[in-house]
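Paired with subunit B in one complex and with subunit C in the other, subunit A is shared by the two complexes that follow.
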Partner chain A sequence: MANIIKNPRNGCALHGALQTVQEIQGVVPVVHANASCGVINYLANSKTSGGNPRFSGYSTPGTAAQERHVIFGGASRLREQIKNTVKVVDGSLYIILNSCESAMVGDDVDAMTREIVEQGEPVVDTLIAGFNGSAYYGYEHVLADIFKSVYELKKNEGEKNPRLVNIFGIIPQKDPYWQGNLEEITRILNGVGLETNIFFGADGGTEDIENARNAALSITFGRWGELPAKVLNEKFEIPVIQRAALPINADDERALIEGIEEYITIDQETKEHFLEKEQKYELNYWSRVRDEIIENDLGRTVAIVGEEEHVIRLGKLVQEVFGAEVVAAVLTDALKKDEEHTLDNGEVLNSIAKNIYKTSDQKDINDIIRQSKAELVIGSSLEQHVADKHGIPLVEASYPVYHKTILNHSSIGVRGIVGVIAEYITAVKQADKEKEEKLQNKLKEFKGQNVWQEHSYKKSHNVKQVGLVSQGAVRESI
Partner chain B sequence: MSSIDDRKALTREKRLSSLSHFHGTLEGLIDETSGEEIKQRIRTFSQIHDDETIYAFDVLSKIEDAAIIVNGSVGCGALGISQSNVKDFSWYSTNLVERDTILGGDDKLREAILRAYEEKHPKVILIIGTPVVAINNDDINSVILELEDEIGIPIISIYTDGFKTKTPVTGYDIVTHSLLKYLISKNVELKDNFINIISFSEDIEDVAAIAEIFHELDIKFQVIPRFSSVEEIRRASRARASVVLNPEEGDYLARELEELYEIPYIETEAPIGFRGTKNFLLKIAAFLNIEQEVVDYIEKVESELAQAVVKDVLGDRKIFIDASLSRVPAYARLFTNIGGEVVGFSSPFVDIENRKQLKRLDFLQKNTVAIIGNGQQFEKANELSKNQIDFFFSENSGSSFATDEGAVVISTKNKVTYGFKGVEDIVNSIRKVIGFQNKYRQNSSYKDSWKKRSGNWYVKQEVS
Partner chain C sequence: MAEKIGKHIAIYGKGGIGKSTTTSNISAALAEAGYRVIQIGCDPKSDSTNTLRGNNYLPTVLDSLREGNKIHLDDISVKGFGGVLCIESGGPVPGVGCAGRGINAAVNLLQELNLFEEFKPDYVLYDVLGDVVCGGFAVPIRDGITDRAYVVSSSDFMALYAANNLFKAINKYAPTGGAKLGGVIANSMKPGYHREIVEDFVEKTGTSIAGYVNRSIDVQQSELYGKTVIEAKPNSAQADIYRNLAKYIAENENLVVPNPLGSAELRDWARNWGDRIYDIESGVVGVAEAI
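And now, the complex of A and B:
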């Protein structure tokens, strides 16, 4: 039995499917649900960091199903909605999304889709319901469902492109840096003469969906993305490379490119020249901060909260760059029992973190952070309160990130990772400054100044600490 | 007659015959809504919009020392993410999955209640209903009955379901009904000297602007239910009187307090613009017998403001108002006074209570465009493009679509619209946006063929 979740952050399968297709330029989503299922996702995401695409929130077509559709079925309302959507809204692909409500009622969404497709309209559907899983599940399944049926609509096969690579696993909105990360992975692969199908964001679009079948290779970063890559493999024999995480340095980029070379020939001179430049860029920035790293003892104990791919990537980063020790890793996207994926990152995770937990429950996460005695937290804005409570600096890197706009900033590759390094150093420096101020005050206290204020501060501080004793075991609640 | 004895609040459609689907003219809308009942309509193409669950969650999440459980699938629980990480705010989802839709989610609700109680030590636990629970017909009351004695605090079911009403404001009615029935103190012997300021949807900027005026006039007040505490809600029945910031949202609570606890309801209009704010304050002044102080205050503030507000700031430009119907007349008068021509408005709903606002629009042309609907940007796009409207004044999120239709957007988000300060803020923001938003203009999301059609093409009579 899935557990109660405090402060659930992962949304549902409908939310994942919706925010995925919304970010494909040219796609018009049609939500078959009660009025607000899609709005909830919009309200949540618009308070976070990445801006809104054209068809999101109140511009999204949807059936806004009412009681009569629950009692008598909503299929005819859906038929009417699809028919009118293609007349009102400009799009090159219309995607019908299902919901808890229509799944429970048992609406024949598929039949309605077939009907309009027979009239020559570009419409596909996905039958996953909200309660089937999280937004990560929604991302994978909607892409898999699109690839299963879209090529029936788009008969023009086009030509195989021996240099084209499909990119999966960078999840719109759920990765706060998704736009920049797609751009960075494109920059890296373009650097060695490859082209990318990234589907989402400024350079993505429905053409990428059409071209996906002509790619020479699919790459999945992390667990989420395996399903759509598998569909393309089964239908068009496109080979798949699975990487545990996105690259963080020139060595990772080399490993990625060499993995690709097993399937696509890459000009060696171009490759070496590109990687040399990457190395130079990396060394420049890393060496600029090496004094700070060495002299400020930045190798703190760290707790990382985020999806598995983030934990692997950022855990490796803090180990390699700062000599930090990851004392706790919380995988917020992990499944209790994963029967859909073959990727097993157990070994990689064990090499990164001392203790690994699977939960998205806020109380569990707060307890883990507290018990870990971490000196720095990498997580979402939801960890702000526990971090503040214990005076631990927080680097915000996973969903949701509030009060910060992240557009084309990246957190991967030699260029993107520089920003993460800077944020880590900034967070530690600010915390150290506060510590220094406290020590100065303490010194004054020892010298006999400000005695009353300091005693009163200590007293209230101690009272707070008593209430923080950890309680209960950590639940596996996903 | 009070409906407090009913198990749950009626929908706005049932209680006040509310209509959420109309597209035509002001004259047509007055005609359509003038009978004893308002005929229902539907849209055969629609865009997704808020529902009563979102409205209920939004207002309840602003109540201190309450614990909220969203009883449904984990996606409905994402509602809490939209609360911007407010300090100490947390919420729970019962995380219902497919198995629970078959076997029922009672056990999970029980577990969630106990957890919320143990972890947060709240003064009340509020359970928000969602579609899955409503379709499943889970027995929430048995769980409440069983646990209320055990934990000794009120556990209140908020009977939202997401599909029984087309009027999201029903969410406020459901909250009102539950608070009246289970939380507001029934001990009416003790009376106090404060006024209940009833607020459901207002942003903190607007509530603070009104609170500042009350403070300056030395009127004791409390704000309920938004930005309140459980204790403040409890003592609402001890107030000297109630006043509502947006009548179409708070009328129900004010009237019930009057009927059940004899708390006078000072009926007034939304405090928007010079005239609206003045009327709002004078009504309160008359009740409190402090007319002279209030007149002096108004004169002082008005004379300061008059210098800041230029009469012809809109320079005969055409403006379309996208706002709650209770606020449309005040905005329309303000824009007319500063030189604009109001050529259309859109509001989420009209019912037999707030339809009186339409009469207050008698200074507008009869053929002024009138759209009634939650969201439905495509219909607004149709009119904006057809009528070459210069300004789109909107209270709603996602209003930038109007730039694609050639209009400049003035948003009320993150600014004060209430009180005299609101006048200054609105005028200043008009000055700022003139000639600024062209660079955001893109191709319209809507087909030309749609925009050539009549805007009411997809609004049909409901056939039952």
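And now, the complex of A and C:
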């Protein structure tokens, strides 16, 4: 029996693949899919927080497959599109994203790609049918497909870089803070003398794709990223470290660095010096809010809605900083059956949240939040409605975030997490203030009513008593 | 859906089993009897109506669709023997694209062009590739396009296997308004146990035989002339066989939802017949005992 999923937030695999390759500088995506598949992704993401990359929406090259391409095959249309694209758009790597139409009809895309590669153009093709999975699937598989074939094109091997680390799991556009988070993880690793291949954003690009094979290590944060890291491991024997979540404090940063030390030698003096500075920075800001924590009673019951990695990271943060209790955690990226990944975060999740749910159905999520009786929600803008309805503050930290522009802000590391702490406190204070204002307005109305009542019931002599009761009730609520 | 104009009949059968020959002869026999008939070939080979139109060139619906020009009924249809309106859905070149979606698109287009309102047929015959390999090939028996289907089969296991697949499709779609089965047209019948195999199959699946068509040199000869038997050899016994079959199909209202055999059941049934045929061929037992 089919079920309706309200406000699904994960998009399809093509969307994940498209937003992944769009954010690699130098890459030109060529979407071989039904007309508007790429545009739908643009329309969804253009309303969210992170701005738009060079190739987005209507400027993305695509075949816009029609019914006749389904019936007669779309390979020749794709050939036409690739040839035109390489003529008019400069790129250091052209990535063909074959989606549903191509997958179902079985277009011979390999032949089209070979043809254009033989003419000296850097083109790789990937088969990411939208129906294969969500945007998370698309992120992982498109990277895995690229790594499987790109080195056939880019023959120049370069040299192994013993300090280079590949970063996976910070998903472009899916993590509202992806740009800042990539910068923050780079800052941390640079701090102990390491270099990063972050692939995406201002400091990423096709060079990172080319250099990925020369890295000394790959790190995956959260569930998503294991597959491309595995491909690099199989092809170039690059070891992989899996972390349940991105770091939130100096201790996490230490644990991360010590994990890396199993594969890469790090100068101890540099490390300790760096971590000492991190600790100092953390202590400075965390202790600055101690009064806020007590005065505003910030140790509230919290519901967190987002990717598993967000839930682990932010759940741990609110527990440690505010003494909050996570009464409900909703994993919006969880699969019913996950046979592709080895990472099991069950234990970590249980240590963070009292109740764990797996759903991306807004109706379920709203019910979970309501039943949890949480006093604060950390989630996406899609939780705004339920939060407003129950008069509880919302901290927007997971996809999608509307009405807020997030560019290089981070939500990880000792520097990025300060912003999240500030947002949490601000959200609580604002909500409390709004609540207070609402009550005061009610009180005013009520007092106004009393005047009317005083006038109307002058002869009843009950006016004084009504006023006393209402004032008392208001004070208690405040 | 508006009331259907004429009886719409789908004729399925494994590739090469003789369904186009049979369908064309049924169309010709119905036309000869004075009915207005349309035959629509739903096979990418687009050779269903060849013998009705003397092998003359006929652009397929999908060829016209591919060119993207405005399509008129005259561009994609031609009147053949007895005024039978011949149409071929066509399809992609082998190994490319999706023929199933092609059939779907062609049938939709014919409806959009008001084919039936314009021609006002008494009978519409859809000659469909019979393995029902995907949803596209089930279009004629779905969505109320036809209300009855016949399957052409010889006594060969693969032909019966294809018939059984069609039964599965009918079984699935009939409860939601899809076509029911009119019967099995037993084709290429030779003397011996061949009839019995088909009869046993229809009994096991709760269906019936619509008619027997013997193997005949008249059919082969007529095809080589680019004609149906009705046209080329109107006085032959084979022509009468087709006339009787056409009459049966025109009048038959005994439509059923078949009970297809499961994979293991069909395999066991075939194995059992394999043993019996071996005994007959090797002379261990006579036909009567084996049956």
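By definition in this document, the second predicted complex is superposed on the first by the 430 of 478 C-alpha atoms of A that agree within 3 Å, B and C clash if a C-alpha of one lies under 4 Å from a C-alpha of the other, contacts with A are read in each partner's own complex, and residues count from 1 in each chain.
The working rule: a residue touches a chain if its C-beta (ideal position, glycine included) is under 8 Å from a C-beta of that chain, and two chains touch if they have at least 3 such contacts.
Just so it is clear, the structure is predicted and the values come from calculations on it, not from any experiment.
> Figure out whether A:K47 sits in contact with subunit B (first) or subunit C (second), or with both, or with neither.
In the superposed model, A:K47 contacts subunit B only, not subunit C.
> When the two structures are overlaid on chain A, which partner does A:V70 contact: first (subunit B), second (subunit C), both, or neither?
After superposing on A, A:V70 lies in contact with both subunit B and subunit C.
> Taking the superposition as given, does A:T220 touch the first partner, subunit B, the second, subunit C, both, or neither?
neither
> I'd like to know which partner A:G130 touches here: subunit B for first, subunit C for second, both or neither.
Touch status of A:G130: first partner only.
> Counting only touches as set out at the top, which of subunit B and subunit C does A:H385 meet: first, second, both, neither?
So A:H385 only meets subunit B here.
> When the two structures are overlaid on chain A, which partner does A:M104 contact: first (subunit B), second (subunit C), both, or neither?
A:M104 sits against subunit B and subunit C alike.
> Which partner does A:K363 reach: the first (subunit B), the second (subunit C), both, or neither?
Touch partner of A:K363: subunit B, not subunit C.
> Any idea whether subunit B or subunit C touches more of subunit A?
Tallying touched residues of subunit A, the top partner is B.
> Quick check on my understanding: which residues of subunit A belong to both its subunit B contact set and its subunit C contact set?
On subunit A, the residues that contact subunit B in one structure and subunit C in the other are 67, 69-70, 104-105.
> For a test of understanding, state which residues of subunit A touch subunit C in their complex under the given definition.
67-75, 104-105, 108
> Provide the residue numbers of subunit C that touch subunit A in the complex, in ascending order.
That would be residues 62, 65-66, 68, 91-93, 96-99, 101-102, 105 of subunit C.
> Write out the stretch or stretches of subunit B touching subunit A in their complex.
It is residues 43-51, 53-54, 72-85, 87-88, 90-101, 107-108, 111-112, 115, 119, 131-132, 135-136, 162-164, 166, 168, 374-375, 377-378, 396-398, 401, 443-447, 449-450, 458 of subunit B that touch subunit A.
> Could you pull out which subunit A residues touch subunit B in their complex?
Residues 1-15, 31, 33-44, 46-48, 52, 54-67, 69-70, 80-81, 84-85, 87-90, 99-101, 104-105, 129-132, 134, 362-363, 381-382, 384-385, 400, 402-403, 477 of subunit A touch subunit B in their complex.
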